[in-house]
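Each of the next two complexes has chain A plus one more chain, namely chain B in the first and chain C in the second.
Up next, the complex of A and B:
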């Protein structure tokens, strides 16, 4: 117990994602027992389609949390990107060029939201929780202005393309692979080191010449980017605009990040844990479904399982 | 072990098609509820399950699987996908979005699954809507307010959740009614997210800002909150405001003599939808030209209305129920068959 140089604890502190992977595998086994068709390719693909948006939002949230900040506006960012994308596609006539322009406008919107958050929090030194809560309300209000009511279908080629694939590989798999590859590249940059230094000891990092402000802004930009990516996927999944689409993602992405072993205090953790954390949350939904619980208890049991997963992680890591 | 069962099911299904109706007498129906946060929704599910059990008397076994989501569209899409993977015969959904389910409903239809939405309309060509016309709901209550005020006076509106399609339709409905009456002046419209406490707060603020208002248009549970604020301000006799349909509100209404009127969105809509679903699964065909609505896929159910003329009688019927029990009505199998089917 004393120096704790050996044993499972320290290893887990280095590879924080291992616990989330363990929980995910356990839940997958339960899911398989309850739903024998779980491993069929069609069912796996439909599960990935369900999980992908949260995986992407959770990855985005991870960068911000690593810098010891937080983004409560990320769900509203998803909504805003979704409505901007569908409105632009619709306004430009709905052909291939319009779709490309709409997606570009969506990504730009996500980056814009990230920039606003980054400037307010890192540059103007506003408190992150309150600031992103407020910007979240602003983004949600803007989404309602852009598209006051859910609707406005996207061209069929958009959602058929998302439901289909390229060269025999499903679009959702390609998007996930591209996102993970991008994360691996980011992890190899100087930015990733500066991020963990800023999150761990912001004052010390600043004094030793780490560009803390710029690093935190970049983390928020990445959050906005991944939120935009998630919104484009959701647009493919729902084939329409909905100003209330993203609301639930702020807190569920933070849950996924924490389940994935990233410390809310910053500095420790990484995107891989968040991916597994998001998968855990998704699988919990499946298990609840196939366990056929009475509906009055579904929400309660869902909450209890999340709590158990969190508590289990903390207890194992402490040992 | 699964293959033979599957083969048997397919064979039974084909038999059902071959002999027309009535051959299959056992159905599995998935019920998807988009939100658990209200007693109305709980009653909706309870009534649908009761309707499913009642089919046993007619020799039809209807099994229901109930799944709830928490307001989020994507989680509810996942539920629908799981229903499809599970191979249900029909899906009845109270949807969290009018348009977001188009792709997943297309998948369901491709697998021969019947999809019916209730309470909120959906744009999907692959789905049917069985429920009330929310715009007519708003118009009826709006017309009551206009008549009660003799077409003259200052009015405020407390609406539900901005961006929610049912809210938008109700707002369009009361605006339609108010436009017919040039003497009605809408001085303010605000949102209180269908929350009783927020409705009470909004009413308080509105009363403080506009002490001379004559009428209030307010929906659902928020009406109970609004009326409480009206009472606190000592204006019970001076203001006409729309009401709601829960037992505790009806008790206040009759006891204190509110000047109120309420369109009823019965929680029984899902039970009605289930009865229509079973009739369709048995091979029934809808009457021609019966579908209405902006998407051309809506089977509208009657909207009861409560006002001074019948509030006492309505209250007598429900007064032994729990406080949160809503006035309801269900279109039963016989009535549905006579009204909607060939």
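Up next, the complex of A and C:
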């Protein structure tokens, strides 16, 4: 075995998700100790329902971060998709066709948000943090225009369908499985390689003929798409519209991505780590709840863990 | 019909003419050497062919059809492959991912990882036995040594299956065995009817592998001949130009003969076996009042040496002594306190804080040298007053941002900063980049005054004229080493250019001479 392929450092570098998986398993064990019913299907499904939106948003954020960009507007995208979906369903009368049209409008909205971000950042070369911070405010403002106040319930069949399942498999499991499958396919495309090359060394990727601009735009489109997916799930969970629904997701998704081992500098990491990272953040909430610690501790603990993950990432990279 | 034909290419960058009507024709199946002194336009010419620079005017034809490349991608699609030194690899990716970046084999629309591995292994096998065992297809490029990286870049270009390949200094980090393999591969390319453009900083390689050679000077191709019909002397004469080859030191600022050496003066800087990234065991001594030049082609370690001495770049090994006191692993603050000053041509990166006031920019050196907490504006302004006067600076107010000044005046601010600290050793890193003729003359006038006042100057310039006009001794660099020392009668434009293409390590006594 040669020096480059063995040893803990290189392996951690390649399988950046291992650390997040380990943390998730550890937290799951603690959770199980505090809550013996943790492994029961009902509890598992309820946990998954709670975690799924963040998992999806974190997956979306991952593509953007891999290209060394960032999307601070992703939470507002979730809100905007949510309100557009419920308003369209309501306007069209609330039957099956209206629901399909509403969901399609939601996905289109998510892609639209991603396109705006991608064009501003990759095409016009605006600074990603500033740009997506600003577009986030714009999307949030649009959401408030579309639906000024929380409310407007979705038809029963929508949320019942989300809470139920298909062929005995719960909808949340199906959604997660479909999302992961999609990610696995994306990872096998040239796009995924172009993404890591662009994020790793943009100039080198450009000189090698990689379509850097289009690659970055596509990353933002994927972020918008996964944000839309998350919003549709949240809509099923809350059964109504809320223009402030997505507020916290931008920073939580970045935390999940960082916990998952994806480098904020770009080029290194992947969706799997972000999935585990999102699970870790969710489980921290559970553990604090069942350990009967005050709820206010949750944010502090999550923050400390993200800080530790960042420090760990820097230490591994320095070796 | 030539494979590629360039006619009357012109390109200006601001006031600097990079290409001034360059013509070149490349035939299928030849190795065409491109050679010239710094600033002759050869890298701009390559960038035009590679699609990363659009010429202002002129025509590029491939197979007789006029083309205009707006991006490297378009050039690649037309069959042009380019070897860029340390520019085209992504460090965070594996060797195999880099080798096949952008042209990964696919099955059913998805990347076929096994085929990627097979192709990478096939390519790496070309250099079998010359790479070291630690280079596997899944090694991260960031973990490779310089020569391994260079081999990967060569293989990457070869894998593109291009009809025309530009190699810009492909052998600079390779050992002899690797160079031999590379040349075998180039000969194989020739047999396949492909065309290779070869740029090297070693004259012996040019004669070993080249079929024809084109010499560039002042943005034009001045001579194209078969390599068999020429010799190094004739090539260097063409690079330098007829009248200049005879004269002593043309191109220098008017009325400036080099100051005579004063051997009795104290040694201010002693460097012994200094190595750093791109610098390989350099030793030199610098006396008070001396202006020592660093010559050679761009990027042969001159700038890296100066930045290493000043502590900007990490990874410096070897002994540094300033006025007899050792300077170990310096940071810029250490160096300033030891009496060093660094003036770079890249002002935006190294010199000035563009948005901050002129006065503040002038005061940075003083603040660092003397330490302390509070610097009352009045006192600082009082001490900097004479400096400002001496600089002949043209400005509105000292509280204007440095950005409001011209390039030449910005550079004066940097110089003024060091005038205020009275440095003992001044490191000049191609300091006149992008400044006008008058500002250049002012700069060198001040540098000379500093030398006459007892400072020692280490001057790297990419313009031969500046070295010839101001240095009494020049160390010529190639591949991170000093290959020759020129001084007195031996210091001519011709000798500088000849030495720039000397083989590193092959000149007997070069290092001994430099250290003496």
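The rule we apply is simple: the second predicted complex is superposed on the first by the 287 of 319 C-alpha atoms of A that agree within 3 Å, B and C clash if a C-alpha of one lies under 4 Å from a C-alpha of the other, contacts with A are read in each partner's own complex, and residues count from 1 in each chain.
Just so we're on the same page, a contact is a pair of C-beta atoms (placed from the backbone, for glycine too) under 8 Å apart; a residue touches a chain by one contact, two chains touch by 3 or more.
Every value quoted in this text rests on a predicted model; they were computed, and no experiment measured them.
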| item | value |
| --- | --- |
| Which of chain B and chain C A:242 touches, first, second, both or neither | first |
| Chain B versus chain C as contact partner of A:299, first or second or both or neither | first |
| When both partners are placed on the shared chain, which of chain B and chain C touches more of chain A | B |
| Touching partner for A:193 - first (chain B), second (chain C), both, neither | second |
| First, second, both or neither for A:267, with chain B first and chain C second | second |
| Chain B versus chain C as contact partner of A:36, first or second or both or neither | first |
| Which of chain B and chain C A:125 touches, first, second, both or neither | neither |
| First, second, both or neither for A:206, with chain B first and chain C second | second |
| Chain A residues touching chain B - in the complex, by the definition given at the top | 35-37, 42-43, 46, 49-50, 53, 144, 148-153, 159, 163, 234, 237-245, 247-248, 282, 285-286, 289-290, 292, 294-296, 298-299 |
| In the complex, chain C residues that touch chain A | 52, 72-73, 76, 82, 84, 87-93, 97, 101-104, 106, 109-111, 113, 133-136, 138-140, 143, 156 |
| Residues of chain A touching chain C in the complex | 2-5, 10, 13-14, 185, 188-190, 192-194, 196-197, 199-201, 203-211, 263, 267-268 |
| Contacting residues of chain B [partner chain A, same complex] | 2, 33, 36, 42, 45, 65-68, 70-75, 77-79, 81-82, 85-86, 97-104, 123, 161-165, 168 |
